Amino acid sequence: MVHETVTMEGHLIDSDILRRAFARIVEGGGEFEVEEFRVGKRNDDASFVKLSVTAADAGALDSILEDLNYLGAATVVADAQFAPAEADGILPDEFYSTTNYDTFVRLEGRWEPVRDQRMDCALVLREGAPSCVKQGQVTKGEPVVLRGPGIRVKPPERSRDFSVFGFMSNDISAEINKGIVISGAAREMRRTRDEGGKIVVVAGPAIVHSGGDAPLARLVRDGWIDVLLTGNAFATHDLEKSILKTSLGVCQMSGRAMEGGSRNHLWAINAVNRKGGIRPAVESGLVTSGVMYEAVKKGITCVLAGSIRDDGPLKDVVTDVVAAQKAYVEALRGAGMCLMLASALHSIAVGNLLPARVRTVCVDMTESVPVKLSNRGTMQAIGLVTDVGFFLERLEAELTRANA
Amino acid sequence: MVHETVTMEGHLIDSDILRRAFARIVEGGGEFEVEEFRVGKRNDDASFVKLSVTAADAGALDSILEDLNYLGAATVVADAQFAPAEADGILPDEFYSTTNYDTFVRLEGRWEPVRDQRMDCALVLREGAPSCVKQGQVTKGEPVVLRGPGIRVKPPERSRDFSVFGFMSNDISAEINKGIVISGAAREMRRTRDEGGKIVVVAGPAIVHSGGDAPLARLVRDGWIDVLLTGNAFATHDLEKSILKTSLGVCQMSGRAMEGGSRNHLWAINAVNRKGGIRPAVESGLVTSGVMYEAVKKGITCVLAGSIRDDGPLKDVVTDVVAAQKAYVEALRGAGMCLMLASALHSIAVGNLLPARVRTVCVDMTESVPVKLSNRGTMQAIGLVTDVGFFLERLEAELTRANA
Amino acid sequence: MVHETVTMEGHLIDSDILRRAFARIVEGGGEFEVEEFRVGKRNDDASFVKLSVTAADAGALDSILEDLNYLGAATVVADAQFAPAEADGILPDEFYSTTNYDTFVRLEGRWEPVRDQRMDCALVLREGAPSCVKQGQVTKGEPVVLRGPGIRVKPPERSRDFSVFGFMSNDISAEINKGIVISGAAREMRRTRDEGGKIVVVAGPAIVHSGGDAPLARLVRDGWIDVLLTGNAFATHDLEKSILKTSLGVCQMSGRAMEGGSRNHLWAINAVNRKGGIRPAVESGLVTSGVMYEAVKKGITCVLAGSIRDDGPLKDVVTDVVAAQKAYVEALRGAGMCLMLASALHSIAVGNLLPARVRTVCVDMTESVPVKLSNRGTMQAIGLVTDVGFFLERLEAELTRANA
Amino acid sequence: MVHETVTMEGHLIDSDILRRAFARIVEGGGEFEVEEFRVGKRNDDASFVKLSVTAADAGALDSILEDLNYLGAATVVADAQFAPAEADGILPDEFYSTTNYDTFVRLEGRWEPVRDQRMDCALVLREGAPSCVKQGQVTKGEPVVLRGPGIRVKPPERSRDFSVFGFMSNDISAEINKGIVISGAAREMRRTRDEGGKIVVVAGPAIVHSGGDAPLARLVRDGWIDVLLTGNAFATHDLEKSILKTSLGVCQMSGRAMEGGSRNHLWAINAVNRKGGIRPAVESGLVTSGVMYEAVKKGITCVLAGSIRDDGPLKDVVTDVVAAQKAYVEALRGAGMCLMLASALHSIAVGNLLPARVRTVCVDMTESVPVKLSNRGTMQAIGLVTDVGFFLERLEAELTRANA
């Protein structure tokens, strides 16, 4: 039997960390003894625990300690260890794999915060700072942080305030009073803006089918949205609606696509690409309304990521998915809040790129997208099961009322 | 400002009780101070906490204390208070409303366990014992427990063992390795049988569409199922398959219902009802295979609850839903485990009637049924998102292998 | 080889009848030869076909002819044949099983229309008229129509007009422009009202979660709804919201149910039942707003059908499901349009009771409810996949605009 | 008023073409008169119709005629018209947009079949043959077919045979007897193999979660699969399972991902990429089992398309989505059958690339994927709502039994 002592500090109970730590020890075949425990006396006080962990052998103990480390536990205090990347895109086997929790690396006795925090990356020393880098983008010889000492993780703490985000995180609210969630989201948007954080929208094409494009365009126009992450389909639907006002490629009687009706979809792409892309299409007067129009006019950041389903695509689309991920990461710098609207593909992609501290709402017609997000580690996302058109109309009403 | 001191004891951290207590206080507009906290030192030790709770006025404090009471907190120790039911089915307004957690009522200084524990009932003194009774079934003058002192709740504690039920409760496992959940369910079935608990199956008609009727019939035959709770549709599909072997009301070429093809469905009901019901239909040789056949042969408890969707119905169906609820409650006495298989209606109904301590697996094609169960308080249910035919085939294989 | 000649008349092509007839013959192992075909020359003309059908033996031919009869084909013209019901609820084995298509029975040389047309019933001669009667409600000795001659079915014909119902029937419109479907539904409501047909709403509890109760209450108040078919849960949510205005059983901060929070749900039932039911609760001033309030004030027909999931239930609930089906059938007499709103259970129940000619829209969050309706024969239902709160807000706006 | 005469020939009734033609005319605001109609007398005979179509003006008539052309109607017989592409990726505005139906272009009096038939492409003359080319891949000056004369479309005809594909196309079979669909799929696989067509599998990662990887690997090994179209996630799950046998990145007790557990996922990618990709990883002995292993051993065509969600990615992944589409198109040449297994993204992508004549089965846990496929024009896909693990186990059993 081997054992080790670890300490943890923070809102260990409110943030559900102590329970998970106990569970990991037992799951890992270990036992624990609480050597010391100081609970935060009042609402705002942090707690502290010192645990003695015992396991059958060193391998089992190491595995438990690694798990606890991911929950913020500190063991031996020492500088982080590094090994060079073997080749471009090839890590040393003992690489440390990141979570989306804020992480610190100990370099020469100081705890340095990690840049571009997100899950499933290597930690690489770049320009002197530990940085999250996807394994495929590590270059030969770069120093890669190894598993073991010198890494500290700070899981997000649930705030004890009254916001929807304090209490609802990680719940999927199919049957909840939706008005309460939507007004909570509006409150967080105002708070984020006051704090100087960026508000990011991840947009799927169902926004257009549901008529949510009109309120979303107004939110962009009125300065509520800083970043728009989407793909070719959403942008094309929105542009087609602006350019081909009366026909839209659907029969105006039946509301259904006509035989060969996706011609209008292709026609819109052709017309925009002939101008040279979305911005020149707006500047030339071809496009005069819609979400993309307002985004160009307002000058917000837009990234269109390619997918294998795409028609066209529009010239603005980043067709290489590795490049598109990089562009998304750039755009997400400084994000304080994220609205994921009716796009499984892009929502999960953005969830992979966001630090857990960013307040996130995922709106979709089924429970499956928020459940998937949560299973993949984007546990901060509040799932709201509703029609995205409904959400955007109500959200705009909340934000307008609040401004009045 | 008013305040009150409460104590809580048990696996407060593992069972996620302390976190929820803190949250309820803050949600209710109160504050707390931890006066004393003793954490269980080892895996099996209970913890103890003494909290001082403060709120702005007596009303807010009472509301918080009631919430904490539902989480197992003890405040003033005194006997429970009663008032008589005003009329048949009419409670005094201050009635206590139950959860599905084990509950105790203090009568003349002794803590008496509640009978037929389930959620959303009144607590009535019947034959000297506090009992969960639906409000509609309380009779005039019966003593009804009021909100306030003398009620103690014991939330279920997560076991720290390695079973699937210890760690997975309340997760919805759409993307999990399904084999692990199914073998966990098989393990729990064996354990339940060893402990003398009953194994209950709640069955929906999709079992027959998926070919799960064959393995389910064998599980009944081999003594794995003690109680079958279902409705008219499942039983009729199963009986039609037994009686009308070659036709089944679906075209054998296309697999689709024929024009007028539900005639066979009605024909099977007619044939069984002519014999006088399912048992005589089996005894007379009309029905010679299937789940209902094995259930009659084995003599297990079956209850068929009526629904407004029913054809027929079969004579065995309890068409009054209040009577059907009573029959389900009777059948659930002694339940140790519950498999909810592809029936939203009956699964939620049974969730309402089950104490939270009963190990429960809910198998359905979408996340929405387990999410609904959890939202309605059946938080012990493990959701497995898969095809019920697949689940039953694999479950049978696990149980057969284990017996070998 | 045996053969028989059949004729069919009507919009055989527009209504997709000829295609299905050809398919049934080949599925049934037969062959056909078109002896005569006259296509309707213009949009409004009927077509006529005379087919010679050949099969290997008399049994196969009979089976094909029965299928064709369900599609409206006429073969030998003769009076219908009858046999008496063997006992209460027991039919002769050769009973004819109905569809939801308009059906006529030949009695002494005259084709008599069937009363209370709906699917999966026996045809019984009552008060001289052929009537759809559920098998369980046939009494001993009543004359039951047998399979064979003297039955004529008239499948619904797709209108060639521009309404949403003309072209969209049987499509599930997850990605359609929802505004077009909703304005089509509003247009049909006006048309139904002009024609003197009743507008029926089938309501599920998600209407309240989504905030759709407010527009629905206004639609009832303004005379747009003639019949409300629902259950205990919807009515209780609506009444609780009216009676317990400020609390509602959910935490107003977080929007989630509180520990023991369904007490308010039970409390509302208790308060209404103490008054003697919903009408006295409205008349006494206990209930002063909401859908049930407006329904009582307007005097529209409401039926609350019981289910095994029910709390309480409210005194107004018909707890026997057979009695509830009868009450639904009564209420559906004269229905011209049906809105099925967010209730799988009640929507499928009502689909079983409606003739196919009633224009039907089914609004639900997933494709599965409209798919199930269609699989069970309610093929006239247009499925709209959206949030019911959204649908009701937009529908009210359409109806209000149109009135202005 | 203007009018035009058109003719159509083929299985106009069985294939539901005449009904759709009538509907399009009325939807488009026109009227028609049937000048001549000859129905196919027996099961195998083609029908012929000559319609006079009238509309209010030339624009409306042209729009109707274009719709009818997409349904196979012939009007004026003349050579196709061309205009050169304006620039790389920029079409002339009057370009013809393709469907997934077999299409012919009239060049100097001869009807030439179109190469690489798929939807939403331009028709370009390449190497003398009319070819489907995505708009982005047309190069400056290439001759592009314009809307109007010289294009003939041949909608797929429903075969009147007994196969599952003859009758079930375009149905979504949530509640159908699944065994019948699966045995139908097996029968079609054998038929496709006998005819020399390729069998294509589109694979999503849920196959691994459901344990479907084992039967799929055996199907590859035994020569049932010719082409595997998938992405980074499926391949990585499969490789991780092969390489890291005992751990798999999920806790073997609970079946859930561990804190930081996706490290194993990244580790597997790192190990395979270090070898240089999947093939060298197999050849070096690193990978010794699984679907990718069998695919390499058997030498079947595999394409891994990148997505913005990808970890890694594996070196084998085509990260540019335009290049990935091209690789999919190459791989789909000669496809006779396609199994789409639990991947919304790749299934819809492949649906966009497949001619409608390819027999297609789409297996998914919800109705929404098959509904989306159908809405987007992949109307030949039979939707089977079940767990993909279940499907693959049963499919293998069917194929094995049939071989015995």
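A, B, C and D label the chains in the order they appear, each numbered from 1.
Rule of thumb we're sticking to: a contact is a pair of C-beta atoms (placed from the backbone, for glycine too) under 8 Å apart; a residue touches a chain by one contact, two chains touch by 3 or more.
Note that this is a predicted model, so its numbers are computed, not measured.
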item: Any chain in contact with subunit C as well as subunit D; value: A, B
item: Chain whose average C-alpha position is farthest from subunit C's own; value: A
item: Chain pair showing more contacts of the two, B-D and A-D; value: A-D
item: Between subunit A and subunit B, centroid-to-centroid distance (C-alpha), Å; value: 36
item: Inter-chain centre distance, subunit B versus subunit D - centres from mean C-alpha coordinates, in Å; value: 44
item: Between subunit D and subunit A, distance of the C-alpha-averaged centres to the nearest whole Å; value: 32
item: In subunit A, residues with contacts to at least two other chains; value: 27, 162, 167, 174-175, 253-254, 366, 368, 375
item: Contact graph of the chains (line, ring, star, complete, other); value: complete
item: Subunit D partner contacts - residues on subunit C that touch it in the complex; value: 13-14, 16, 18-19, 22-23, 26-27, 31-34, 37, 39-43, 49, 160-162, 167, 172, 174-175, 366-368, 371-372, 375
item: Residues on subunit B engaged by subunit C in the complex (per definition of touch); value: 20, 24, 27, 66-67, 70-71, 86-87, 89-91, 93, 95, 97, 99, 119-120, 122, 134-136, 251, 253-254, 257-260, 262-263, 265-267, 269-271, 273-274, 305-313, 315, 319-322, 324-325, 328, 344-346, 348-349, 352, 366, 368, 375, 377
item: Subunit C to subunit A touching residues, read off their complex; value: 162, 164, 166-168, 171, 173, 175-181, 184, 206, 209-211, 248, 250, 252-256, 365-366, 385-387, 389-390, 393
